[in-house]
Structures are given as structure tokens and as C-alpha cells.
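Each of the next two complexes has chain A plus one more chain, namely chain B in the first and chain C in the second.
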Partner chain A sequence: MNILVLLGRSAREKSSRLLYGLGFLQNVIKETLRFFRKSQVGYKVLIMQILFTGYEALTINAIMAVSIGAAINVIGTSLLPQFGQSQLMYTILIIVITRELGPLLTAFVITARSGTAIATQLGTMVVSHEIEAYLSVGLNPISYLVVPRFIGVVVSMLVLTVYFNLFGLLGSFIVVQVFNPTPISEYLGNLLSQLAVGDVLWGLLKAFVFGVVVSVVSTYQGFSVNKASTEIPVAGIRAVGQSFILIIVADVIITLMQYA
Partner chain B sequence: MKFKIKYADQIVGLFIVVAIVLFAVIVVLVGLNQRWFAKDYSFKTSFPSASGVAPGTSIMMKGFVVGKIDRITLNSENSVDTLFHIYDTFYDKVREYSILELTVSPIGLGSQLLFHPGRGERLLEEGEFIPTADSAAGKAIIEQELVEIPPKDDTITRLLANVNPLLENLNKTVVTVNRTLTEVNRALAGQSTGPLGNIVNDASAAAAQLPRTVNRVDDIVADVQTRTAGLLDQISSLLAAVQGMTGDIGSITSNLAATTEAIRDPTGLVSKLFDPKGSIKTFLDDDNVLYKRVMSIISEIEASVRSLQGIVTGLNGEMPKIAAVLNETRTAIQQAQDVLEGVKNNPLIRGGVPERATQETLYGSMREGSFE
Partner chain C sequence: MPDTNAVPQVAIELKMVSADSAGYKVFRDVNVAFPRGRFSVVLGATGSGKSALLKLAAGLMVPSGGIVEYLGRDMSRFTRKDEADFRAHSGFVFQDAALWADTNILNNVAMPLRVHRPWMSQSEIAESVRLALKRIGYDEGMGYRPSDLSAGEQKMVSIARAIVHDPDLIFMDDPGSSLDEDGLERLYELLGELGEAGKTVIVVANNSEFAYRFADMLGVIKNETVVAFGGYDETLSRASVELEGSLARLKARGGRSRKPRYPDSPAGDPGSEMSQRGDV
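And then the complex of A and B:
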């Protein structure tokens, strides 16, 4: 009997949290639409968010992209000729970099760097009653605190994905030169003949969805802190965990939509 | 203030603008590479099956991509109507009598859609129908050599090109063997009128005549044996007579020898002859002993000559029969030789002449039995 009660209570709390989260998302989207029409109160916050989330993550993003592109190139160059399918290397490179790993790894990097930071920052603001202060002076914390972070993370995610694609596809060319010197015109010709704009757009769609997931989950978890400062790291951990799970689920759904 | 914070707007702006520009450059490059801004010329064709002609399939000509498949639809006649386009840079190749050829790798490495330019002068208008190589129109164009089809230069195709005639020859051989076997079967069944049937019929007739010939040979041999036996008897009696006559001749010869010895001395011969005690006296006074002796010798010689004459006459009477027997024997041996030669050379008789099964004696002595 107790188990049933516990299960029922848990289900009720989770559904209540889900509804609260959906309401939070709706509120964020509504405020985001207003963000571009109103005076740019949170403009500076947005710029700083893009700077921290996007620009500062560019280095690690580029290193990952070049490394993965090089790894795919080396593996493909050594493995595919055994099956007489050397030309598939470009296709595999494009699929892995632009459709799958580009948005996914970028989302993981942003979650690890900025997701935790956003959750921790907002949680700290809640504990230190800054949110109440904003409310007291008539500022909507969602429009001033969440929306710039939401837009900043989404834009950073999109831009970093574009950079990841560039570094992943072109960075591997450097490795090709080491193992198998190829004229850049030939490499680019083969690459561009296999690259479809649809591949890039599907990757950007994933990046957009992942950006929404990371920003909404991080801000939600930041606001979920109540009073104690010990709740702040918990909020950060939850933000990362939930973001990862939702990113993977969203990735699967979009991939299924892509191949449906 | 920290540089990054101070110039945050510029940094972020540059960060975003560079990404947008690079993205735009990639899109433009992809568009140029994939000919978004170039004019393509659409044409129609028809395939019996859609396998290997999916939308987006490249159309190749001498290793160059000259176009792509746009759309395929299954029509009411269960053919696959295909819409494809040729790039403007290769449009001058699309002349009258051009064809498309779908080549499928025999080892499962996919297919290739080839474009073969026609030898006609007229450029095909956009939307015109271009036949495939395996269609009736395409085959007619190929047979009339109105299209330029380069030789297949990949190893597998060359191997197949070599294997195909071999297979065709093998097929022809199989068909020929089949026909031959059918003919042989018909010939063996006695239904054929061709050369093989004649051979088989002749062989069959020869085989049928073989026992009769063998019987005739047996008869001839028996007749020869009989005749030879009579002849041998006659020769034996003749030899006995000759032997007796030889004895007589021997006695005559001894008498002649004695006479010759007696008259050897010519000087004393007359005196001996005319001596009152000489030979003539003895001859005249011997109570005709010598005369009788001479007469008996003459009569024995006469008998011998008569006997010899009879033998010769008998031999003369038997000579035609012996000659006939020898002729028949010779003919029979020649026929037997021909039959055996035919049997030996006949490829239809397998296994040759079966070995004779020797009949074991049914009588077993007590020593051959077991004591157990």
C-alpha cells in the first residue's frame, strides 16, 4: 500500500514538475518573442552570454572538431579501401561531422561549461534574494535573466556548430596532407560534391533544439533552488544530467525524423 | 577592464559574422559544385525496372558525370518512366541516336548509368525521349552503329566479354550434343533417316547377319573338313599305291643295274652273247623265265600307270570342288573380317564383345567335395 502511495505521489510530483517546466518554457518563448521588440534591457546580458558560451568555447570546440575529423579521416583512409569504397570517406565524414557529432559534442561542451554555470549563477541569485530584488523593482526575471541566456545559448550553439563543421571538415584536410597528400581542389571538390545543404540544415536544427534544451533546463534548474546554498551544486548536477538525457532523446527523435 | 569584456560586442559580432559568412560561402560552394545556378536539359527515357535508377543517380559518360536522374514513375505498362537531366556543359553531346545504358556490376558493386552520344547531326530538344540500350530502339541504333559506344575497359567487363562468347559456344555445343543425342536416340529407336540412322541400321543389319555368316562359316569349315578328310584318304591310298609301285620300280632298277653291269664290257659282249654257254643261249634256253619276268614287270608298270591315271583323273574331278571350297572359305573369311572390323570401329557399341562365360562342369568328383 505504501508503495502505491509512493508511486502515486512521485508521479504526481513529476507530472506537476513537467507541467511547471512546460509552463516555464512557454513563458520563456513568450518573453523571447518580446525581447526583440522591447528596449534591449538584456542586450548586454545576451552579448556576455554569447561571449562566455560561444566565443570562449570555440577553442575546445575547434580542437575536438579537428581531432574527430582527423580520426575519421585516418580510419576511413585505412579501412575503406579494403572494401573498395574509398569514396565513402567523404560521405562518412559529412554524416558524422555535420549531422551527428557536430551538434551533439557542441551541446555537450556547452552543457558542461555553460549549463552548469547558468544553473549555479541563477541558483546563487535565488539564494541571495537577487530575484526578489528584480521583482521588487518591476523586472521580470525571465525576460531579464532567462531570455538573454536562452538566446545566447541557442545562438552560441548554432554558431559553434557551424565552426565545428568547418573545423571538422577542413581540419581533417591537414591530416590528409600528412598521410596522403591531396590537392585542396580535389579534396574540396569531392567534399562539396557529397555535401548537401540538407545535411548542414539538419545539423543546425539539432543545434537549435539542443540549445533550447540546455538553456531551458539550466535556467529551470537554477530557479529550482529555494533557500540553501547547498542546493546550488545539486541544481548544477541536475542541469547537466537532464540536459544530457534530453539532448540524446532529442537527437534520436530528430535523426528518426531525418531518415523517416 | 579586461579586453574581452571591453570589446565584447565586437568580439561577439565578429564571432557571429564570421560564422555566417563561412556558412554562406559553404552554401555557395555547394551550390556551385552541385550546379544550383546552371541550366540543365531534361530528357525522358524508360527502363524495364527501377533497380539501379534511383533519383539522384549520376549519368556517366567516359568517366564524367554528365547528368542525374530526377524522377522515376511506374507507368500503366509496368515500365519505369524516368526523367533525367543533362548538364548544359554536355548538352552538345546529346545528339540524335543517343542512348542510355544501365550496367550492373556482376559482383554486387552497384550499377552505373552510362550515356552514349549518338552520331546524328541534330541536337535533341529538351524533353525528347532517349532510348535505353536494352530496348528495341536502342538495339537497332547499336546494330546500325549510329551511337558511339566506347569499349568496356574494366577488368570484370573484359572478363565477361571473353566469357560470354565461351558461354555462347558452350551453349551451342550443349545444344549440338543434345541434338546428337536426340538423333542417336531416334536412330537407335529406328526412327531416323539420316546418315547416323543409316549407320546404325547397317550396323544392326550387320549384327543381325553376323550369326548367319558365322553359321555359314561353320558349314563351310565342316564341308572343307569333310572334303579334306576324303581327299586325305584318297591321297593316302594313292601314296600306298605309289609306294608299291616304287618297290616295283626299285626291283626293275636293280635288274637294269645287273644287266647294265653284265653288258658293261663291250668287247666281251658279243662273244658272251653268242657263246654257246653265253647269255643268249641262257636267255633262249631259260624256259622263258626272263621273258616272263620282263612281261610281269611290264604288266606291273602298266597297272601302276593305270592306277596313277585313275588317281590323276580323280584329282582332276575334285579340283573344281576344292577350288569352290577355297573360294567360299576365302569369301567367308573376308566377310567375317569386315564384320569384325565394323564391330571394332563402331562407336555405338560400348564394352566390345562380351567375354564367353565358361560353363563349369556339373559333375563334381568326390575329391572336389568337402568332407565336412
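And then the complex of A and C:
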């Protein structure tokens, strides 16, 4: 009986949290639509968010993209000839980088950097009553604090994904030059012949969805802090954990839609 | 026929308000009406729920039961415009200052102006901020971050932020905490000016000095509710059961020398009409 009661209570709490989360998402979307229609004091927050999430992550994203592009090329040039499929190298490169790893790894980088930063920053603001202070002067925290972060993360996610794609292909090109020197025009020609607009669009769709997931989960977790400073790191950990899980679930769903 | 003009209009009224925090009951069935243009002080021991009462009155906390009204209108039914209007005409001083850590003093104090008076130029805003800070006696630079300041200076900045847009209704949560003697004197001067200007000021404190100096209305929080609320003298004379702590000290100090600000009210005591709303 006790177990049933506990299970019931747990299910009720989880349902309640899910509904609250969906309400939060709805509120964020509603406020986002209003964001550009009115004179906003939140533009500075938006610019700062894009600088932090997008610009400051360029280096780490570039290093990762070049490395991954190079690794894929090394693996491909070693394995594919054994099956007589060397011509698939460019196709695999395009598919793996633009459709899958570009958005996925970029999302992981943004979650690790910005997701934790957003959750802990908002959590700290809750504990120090800064959120209430915004309310007291008539600023809606969703509009002023969440929406700029939401837009900033989504925009950064899209830009960084494109950036990742370009640098991933650059890494691959570097490896090609080492093992099988090829003129850049020929390399690009082969690459572009395999590249379809759909590859880029599906990748960007994933980037968009992942950006929404990271920003909404992180801000939600930040606001879930109640009173104690010890809740702040917990919010950061939850933001990362939940974002990772939801990103992978979203990735699977979009991939299924892509190949259905 | 009584002069109805003398009857204070209610600025904020809590009707059967209950509140929970983290699963615990903070208040139950609170009835209190803060009159417009008057200085109300609510006393209570540490942890009695004074801050929660103030946040409920200011719409910063959602009650679990009952309603909170501003000028007779249920705040839970406020439209976006109503909310903006209410915030444009109110200011809130937090107990722990609650300044925004990621920006400087100028931006902290300027925020109400940027939100509610977007037509003001940067130079006009800076001048208004400077004047507000001067009124409370803050004389450090406006480029500092809150973390560069002492707790007392942060409190001054918090007070300046609450008055910079010249609101009609000011909520103050323990405004004297962290201030040194000079700071307190400046605060008393400021509160006197606000009272003279006919502002509605609601202060919660555990220091009876505010009540002694300024209270037109006096309330007491105890046992999860407002056990007494009415005119200063009335609360002291009628709430004999609650005479302990700050209230007992006020009683011991005897009558106040200052002239009644509201001669139209019976005995100059604005609480006479309002006390029926409390449990005095």
C-alpha cells in the first residue's frame, strides 16, 4: 500500500512538473513573439548571450570540428577501400557532419558551457531576490531574462552548427592533403556534388530544436531554485542532464522523420 | 454627517489571505487594509512573516487563498497594462537590497525609469538617479558594482531605486537594516518627506523606531496572522493582549509629540475608520 502511495505521489509530482514545464515553454514562446514588437530593455541581455554562447564558443567548436572532420576522413580512407566503396567518402562526410555530428556536438558544447551558466546564474538571481526585484520594477522575468537567452542560444546554435560544418569539412580537407594531395577545387567539387540542400536543412532543424531544448531546460531549471544556495549547483547538473537526454531523444525523432 | 472626504481610501487590502512557502503555512486568513496616503508600519518578531506580508501586498508573492486588492481591484485579475501601471506607481525596498549584481549602481537605480519612462534621455536618467541617491545620502560613484559596496550602501541604493520614479506607493522591508546612524538619520528624513508628500508608505520592521516616528497606522504580526491593525494610538491602547516586544516598548515610550497629520479624522487618528478591518 505504501509503495502504491509513493508511486502515485511520484507520478503526480512528475506530471505536475511536466505540465508546469509545458506552461513555461508556452510562456516563453508567447513572450518571444512579443519581444521584437516593443521597445525593449532586453536587447543588451540578448547581445551578451550571443557573445557568450556563440562568439566565445567559436574556438572550442572549431577545434572539435576540425578534429572530427579529420578523424572521419582517416577512418573512411582506411575502411572504405576494403569494401571497394572509396567513392562514398564524401557522402559519409556530408551526412555525418552536417546531419548528425554538427548539430549534436555543438548542442553538447552549448549545454556544457551555456546551459550550466544560464541555470546557475538564474538560480543565483532567485536566491538573491534579484528576480523579485525585476518584478518589482515591472519587468517580466520571462520577457527580460528568459527570452533573450532563448533567442541568443537558438541563434548561436544555428550559427555554430554552420561553423562546425565548415570547419569539419576543413579538417577533412587537411587530412586529404596529407594522405592524398588534391586541389581544393576538386575537393570542393566532389563535396558539393554530394551535398543536398536537405542535408543542410535537416541539420539546421536539429540545431534549432536543440537550441530550444537547451535554453528552455536551462532557464526552467534556473527558476526552479527556491531559496537555498545549495540548490544552485543541483539546478546546473539537472540542466545538463535533462538537456542531454532531451537532445538525444529529439535527435532520434528528427532522424526518424528524415528517413521515414 | 461625517465628512466622507476624511475617510482614507484604501490603497492595498488583503482579504482573507493565506500564503504558503515551501509547503509551510506562512499566513492564514489575514485581513488588513493599508490606507492611501498614509504611513503604515507592521511590527513583528524575526521570522514572523513580515517580508511575506509585504510581498503579498506588493504582488510579488501569490497567495494560496484570499485576494489582494489595489485601489479596490483584485490584483490576480490584473491585465498586463494594469500590472505595468501598478509597478509604475510603486517601489519596493528589499530587506537584503536585492541589487542586480551584473550591472553598476547607475543601471540598478535607473531601471524603473528605463521601464516606465522610456522617453527620458540618458542624461535625464543619470540626473534623476544622482538626485535619488543624494536624497538617501549615497555619495559613492555610480559606476561601482553592488559587490563593491558595503551592505549599508547597497541598502541606500535599493532605497534610491524604489523612489527614483517618484512612486505613490512605497513598500519597505526593514529599511533601516545595515544602515549606520548617519544613514538612519537620512532615511528618517526621507521617510518624513515621503509622508509630507502624501505618499502611501508601508513599512515592515522589527524596529519600533519607525512606528514611533512615522506610523499613522500600526499593525502587529503574530501566530501566522495580523493580530492587530489600526491607528497608532488605537493599536497601542486596544491590543493589550499583544503588548510584548516592540509594541510594549512603544507603549512604554508614551504619546508622541508630533501633530496629527489628519485632523479630519476623529482624534487625528486615521486608524479609527480602518481598524474595523483588523482584529484589534
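In this text, the second predicted complex is superposed on the first by the 260 of 260 C-alpha atoms of A that agree within 3 Å, B and C clash if a C-alpha of one lies under 4 Å from a C-alpha of the other, contacts with A are read in each partner's own complex, and residues count from 1 in each chain.
Throughout what follows, contacts are C-beta pairs under 8 Å (C-beta built on N, C-alpha and C of every residue); 3 or more make two chains touch, one makes a residue touch a chain.
The structure presented is a predicted model; accordingly, all values stated were derived computationally and were not measured.
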First, second, both or neither for A:Y55, with chain B first and chain C second: first
First (chain B), second (chain C), both or neither touched by A:E130: second
In the superposition, chain B vs chain C on chain A residues touched: B
Touched partner set for A:A260, first chain B, second chain C, both or neither: neither
Touching partner for A:L192 - first (chain B), second (chain C), both, neither: first
Touched partner set for A:G138, first chain B, second chain C, both or neither: second
Partner chain in contact with A:L4 - chain B first, chain C second, else both or neither: neither
Touched partner set for A:V162, first chain B, second chain C, both or neither: first
Residues of chain A at both interfaces, chain B in one complex, chain C in the other: none
In the complex with chain B, residue positions of chain A that touch it: 47-48, 50-51, 54-55, 58, 84, 155, 158-159, 162-163, 165-166, 188-189, 192-193, 195-197, 200
In the complex with chain C, residue positions of chain A that touch it: 39, 41, 124-125, 128-130, 132-139, 226-227
Of chain C, residues touching chain A in the complex: 22, 55, 58-60, 83-84, 87-88, 90-92, 94, 96, 98-101, 111-112, 114-116, 118, 161-162
Partner chain A, residues of chain B touching it in the complex: 4-5, 8-9, 11-12, 15-16, 19-20, 22-23, 26-27, 29-34, 109
